[in-house]
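A, B, C, D and E are the chain letters, set down in written order, and residue numbers restart from 1 in every chain.
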Amino acid sequence: MENEFLNKSSIINYSSKNYEKKSTSSISEIIFTKNDQTTQWLNTYGITYQEDFKKVIHQNKLDDFLIKLLSDEEHPNKVILLDGLLFLTTRVLITESSKFESEQMIFIVSPNYLWSIQEKEGDYFNWIRERLQGNKGIVRKKKADYLLFLLLESIIDNYQDTYQENAELSSDQLSSANIKPTPEFTSLVEKRKQELFNFKKATISLKDTIVKLEKIEIKGFNVKYFSELKEQTNNLITNIDFELQELESKINLIFSIQGHRLNEVMKTLTILSVIFIPLTFLAGIYGMNFENIPELKFKYGYFILLGVMVLVTIGAVWYFKRKKWF
Amino acid sequence: MENEFLNKSSIINYSSKNYEKKSTSSISEIIFTKNDQTTQWLNTYGITYQEDFKKVIHQNKLDDFLIKLLSDEEHPNKVILLDGLLFLTTRVLITESSKFESEQMIFIVSPNYLWSIQEKEGDYFNWIRERLQGNKGIVRKKKADYLLFLLLESIIDNYQDTYQENAELSSDQLSSANIKPTPEFTSLVEKRKQELFNFKKATISLKDTIVKLEKIEIKGFNVKYFSELKEQTNNLITNIDFELQELESKINLIFSIQGHRLNEVMKTLTILSVIFIPLTFLAGIYGMNFENIPELKFKYGYFILLGVMVLVTIGAVWYFKRKKWF
Amino acid sequence: MENEFLNKSSIINYSSKNYEKKSTSSISEIIFTKNDQTTQWLNTYGITYQEDFKKVIHQNKLDDFLIKLLSDEEHPNKVILLDGLLFLTTRVLITESSKFESEQMIFIVSPNYLWSIQEKEGDYFNWIRERLQGNKGIVRKKKADYLLFLLLESIIDNYQDTYQENAELSSDQLSSANIKPTPEFTSLVEKRKQELFNFKKATISLKDTIVKLEKIEIKGFNVKYFSELKEQTNNLITNIDFELQELESKINLIFSIQGHRLNEVMKTLTILSVIFIPLTFLAGIYGMNFENIPELKFKYGYFILLGVMVLVTIGAVWYFKRKKWF
Amino acid sequence: MENEFLNKSSIINYSSKNYEKKSTSSISEIIFTKNDQTTQWLNTYGITYQEDFKKVIHQNKLDDFLIKLLSDEEHPNKVILLDGLLFLTTRVLITESSKFESEQMIFIVSPNYLWSIQEKEGDYFNWIRERLQGNKGIVRKKKADYLLFLLLESIIDNYQDTYQENAELSSDQLSSANIKPTPEFTSLVEKRKQELFNFKKATISLKDTIVKLEKIEIKGFNVKYFSELKEQTNNLITNIDFELQELESKINLIFSIQGHRLNEVMKTLTILSVIFIPLTFLAGIYGMNFENIPELKFKYGYFILLGVMVLVTIGAVWYFKRKKWF
Amino acid sequence: MENEFLNKSSIINYSSKNYEKKSTSSISEIIFTKNDQTTQWLNTYGITYQEDFKKVIHQNKLDDFLIKLLSDEEHPNKVILLDGLLFLTTRVLITESSKFESEQMIFIVSPNYLWSIQEKEGDYFNWIRERLQGNKGIVRKKKADYLLFLLLESIIDNYQDTYQENAELSSDQLSSANIKPTPEFTSLVEKRKQELFNFKKATISLKDTIVKLEKIEIKGFNVKYFSELKEQTNNLITNIDFELQELESKINLIFSIQGHRLNEVMKTLTILSVIFIPLTFLAGIYGMNFENIPELKFKYGYFILLGVMVLVTIGAVWYFKRKKWF
């Protein structure tokens, strides 16, 4: 177990002038730096190494409430302030899936070191390691607070990309051009609404996390970076809200089309019925077998009746024209 | 009465090194500890022993407003800060029932002791007693604040389990696959919505309780544990909201299916009527008994009329095809 | 006027050891106590004795803004903090009526005395006077803050009872069992919704009053009692919201039943029409009087046609079966 | 210009003992009092005298941001705190109109003086001048803060009166008794909703103004009076919300009536069709001209058929009875 | 690159007495003033000159987090407080387009200088330059805080104008007078709703920016000006909300018209059917060929039947009259 845990660990120490990447052979070597000049980043994979976590916590004399926190099975987004230490959990979306599966991320942050625990092995944060090693940007001049900012920025970018891909997929399927007033189409729209609702909840939860971060007060831990992240999540929420609004409009349109089509269908039936029902009645009258129906014997009775029928039809058409039915 | 009250009581004293479980033979022995090293947990059953409560309060010189508070018949979730003391009431759901019946829980907490009053005898908190006795986790190293955290965590877990069970039951019954546009199905959906609404209210109330706990300021009482609980309730509320959203979608779908079916029914009727009504009229014309209807005497009159009828039918079908009715 | 005002007044002085009820013969005797050991409760009836109010205010040197406040014609719920004094108005519901008529209550409170002004004579607060006289509970040990708490608790209980009675009445009338999709039933549901909306507004207003009370800062005035009341109003609001939710569900159900019934009616008509219209057309064909209709002369023509008709009917029934119309 | 501005100005100086009304012959005489014993009220008409405003501001050394503020063309409700000075704008509704036209009011207030600028000449505030002159109420004992309170109370009363008048007018037109399920009636309800929405926005804006006033901190400026006003606006908003709720109910009722009527109409059609279509078909059968239809030759064939028709009719009626169609 | 960046730059130094406009030949000359008497305004075009931005930031020793902030590709509205410095981004709408395209604006503000970065070259702020040069209004007497206020006021005016134009265009198209219950009209209304929703989001975001500005605490930076802007955005949001409310009413009206028209159509069909179906049945009866139908031989049988038909018709008309169908 310990080997498994260690194999996947990496420790980076950096300052504006130095950069050093270490691998550890024993958990007892994982001692967080107390040197104010250096920033330390411990990255480990796997969230179930309870015993190893315990050792690291004990030998570094961290708040023992961490042990309880790390033993939870599920972590929604959390920001918990411990003694001079921040416990933060969040989720990275796995972009391949349309079901918003996600991976757990745990961060334990102090002004001088940051311990990131990823659920699965992956390369989300490689670009940050490259910036650290190549001394690009301002990351080496800053401390663990700025490192946390970059890590969270990666996660928000991951949300934004996932959303973008999903939105394009769905906008093809549900484009205004082919709204159909069928239960199947309604069902697609409602399904997308639920996806978005789900996504919005995740984003709001992420934003809440960042808002809490902004209010954290740890000496030597600078929270100014996090407003930037908050604006990014706000922007994403705005986009989601806008798409939700579009879908709501589509539901309204579907019902409006249904209502309109029913009206059209009924109009067709009614116009035809109103014209032919009286005519058929007239034909029925003179189809009766009474011995004494004087009209039947008139020479032009048949032609007079046809004329009357034409007049009745003209009258009905004129009535519908006046009522603006067509 | 006193015996009844005492029989069900248990007192546990613990510190990081010691653990002692006592039973009491007289109420006068219930004296809360003043020793900062030890934490004391008094657990009693039954919420109607007003006289016994009064004695305990008097002999420990607790805030006498407690007497008034304990005499209330119903307790919604409450957090009331008294002098160096916390009065907290909440409810545990009784999971067997689908009607969200619940049991009253009352906690009176100071930094050194916790008095829990359960409405009915039960074993909700046995796992905590075992952890205390076996010195598992960090509970013995912590004080009454952490004990309260564990007690409340039990209660939230109880909510989560109850919700889970109910949700599975209902998702079978109301699965998207068998949505039916009948009042009976609508009624089932609305009933589930009310259940969820009820449950959400209970959870929000519980969350409010925890939010209030977070803001409590009692010297020696650490509130950092409660953020963890708040995140758990938030998570539960998110799940409930998501199911509510799904049910709302189902209502939309039901109305959409009803509208679509009506359209289909009316289309069938109208197409058939439009085709046959004129034909029937034509047949009626030549069923009349006028003496002078020249067409009747044509040798092929009947067959010509049949031809005309076929043409009329083709015309109607062509018209509906162009209107995309089928 | 003065006599009228005095006749209805009563003054109670109490401390943990003493209780004294006085009646006054002259307004000039109404001097609020300055003794920290005693609490004074002045109760008067009638809210229009402007001149008498003015005298009491002047001779006790109370904030003269009280004069302006007491001269208002209508009092919504108000909490106004004056110099070391609280001005509080609220309403008691008159339970006999279903129209939520109400009676004005005005309280002027300092740490040592409480002046309650009731609009009409009544016995809302008699149970408190009995507790004071009999030294029941802890009221005599507490001061005017606790007295105000008890007065407000009476009022909230009055709200709760009124709501309970109304809810039972309405739940009989509108029970799920006899939902009817008629405008009359819809109208009843909407009327109840308005009643509840009205009641909720009153309760929220009452809660706002109590929330404001909690934030009041007067030296020697303890606000801890009021959280208890806030929880009670919250509980009542939750109940109202739940009934509102139920009524909203009923509206959805009504529309769903209407839609379903229309579908049923139309299906019946369409099935019957689809079966009989072609048959009637066929009968019409052979009712024509053409001289040359060969089929008419076939020996079994009639019976063959009847057979064809049976086949057409079977075809139509098979079609509807396949479409799952019945 | 200057003359025009001056003609319409009036200055009132008052204290608990003195009252003096002045008219000014030159703008240079408009010097705000620095005497703590006296309160000064300058009232001017017209909001376009930019140059004159500038002079008054400069010679009294008021914050020059006032110049910018007074030059704005439109003033929504504003409360802006300047150095020891309050800039406040709001609107008075012109009650004659049903279109909620309004007049601009601007107040510049310090603890010792108040400068009110009305857009049009009118007598809104005459009752306050009379109270000042006649030393009625407590206004002379108070300072500019209380004067502002009275001015704003006039404006809120104006809102309340306007609302009351409009509500009565509309409740006649839209009374529950004559709800009609026509687009015209719906249109009236929606129009009233928009009016109310407009009015509510105005009232909320007014309330926001007062809430901001409550939080203002100027030395010697007492904000306690404004809670009273806030309660009054809250009350008005509650009334508007209640009427909005009623109108929403009416829309629901209209749709419910439409649905019910359609059901009634369709039932009538269907019942009649179901009864007569089979009968007509039977008559059609025996109207055919086949040479060999044995029934036609039965002596009582006609009467037997009539009997069958009666039975069919009875069957249909029984079917509808069972289905509870009437 | 540097030349490109410089060509488009302009520096203005001003105080209440002086005004000087400079152009720079080298980035190294861009040194922000440290003189408290002078205010400096640097305006540059283009948001992609990362290297040039970096130089300006380094040589002025500004917070290096600015480099990261300026390198973002997209800027939603942001207000980020750095060390004694404000970073603010927002958008100007491009009014020609109906699609709410926008241009990025970035402001870096300290008490003494303001650096504005516009995405595209334009003359939004020329009127401010003219006021500065001509010493109009109070701008020269104020510092960078007031300059920022004027710049933001330009942007809000731009929003208001864009909204006004769009609203007029749309109110012509969607006027109440020509509401049509067609999916096409519904679609137009929903499209306008989405436009407005979009616009409201932009305005709320702008308001949030201003609200954050109000809470900024930088020594020597006066935030009192921004309340004025907040009121203007509030006013715009109120107008948008009102139009949204109107559109919602139109949707209700469309559905109400659809429902009403369906009712009218169905009534026409039903009345006609109810009248003629029984008559046609009667005619069918006497069209039968039974040998023994006694009525057929009555001399006035035909006329009696016609009389019966008239009576049936009168009966049906009377029935509909009583049911108030016309």
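We adopt the following convention: contacts are C-beta pairs under 8 Å (C-beta built on N, C-alpha and C of every residue); 3 or more make two chains touch, one makes a residue touch a chain.
In UniProt terms, the chains line up like this: A, B, C, D, E = Magnesium and cobalt transport protein CorA.
Keep in mind it's a predicted model, so treat the numbers as computed, not measured.
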Fill in: Fewest hops from chain C to chain E - one hop per pair of touching chains
2
Worksheet item: Which chains lie in contact with each of chain D and chain E?
Response: none
Worksheet entry | Interface composition of copies chain C and chain D: same or different, split at half | different
Worksheet, complete the sentence: One copy, chain B, sits on the other, chain E, after a C-alpha rotation whose size in degrees, in steps of 5, is 145
Worksheet entry | Chain centre separation (chain A, chain E; CA means) in Å | 24
Worksheet item: Any idea how many Å lie between the Cα centroids of chain A and chain D?
Response: 38
Worksheet entry | Numbers and ranges of chain D residues touching at least 2 other chains | 255, 259, 262, 266, 269, 273, 277, 280, 284, 287-289, 293
Response to the item:
Beginning at chain D with chain E second, the chains that make up the ring follow as D, E, A, B, C
Worksheet entry | For the chain E and chain A complex, residues of the former touching the latter | 64-65, 67-69, 74, 76-82, 181-183, 186-187, 190-191, 193-194, 197-198, 201, 205, 251, 254-255, 258-259, 261-262, 265-266, 268-269, 272-273, 276-277, 279-280, 283-284, 286-289, 293, 295-302, 305
Discussion item. For a test of understanding, state which residues of chain B touch chain A in their complex under the given definition.
Written reply: 137-138, 141, 176, 224-225, 227-228, 231-232, 234-235, 238, 241-242, 245-246, 249, 252-253, 255-257, 259-260, 262-263, 266-267, 269-270, 273-274, 277-278, 280-281, 284-285, 287-293, 325
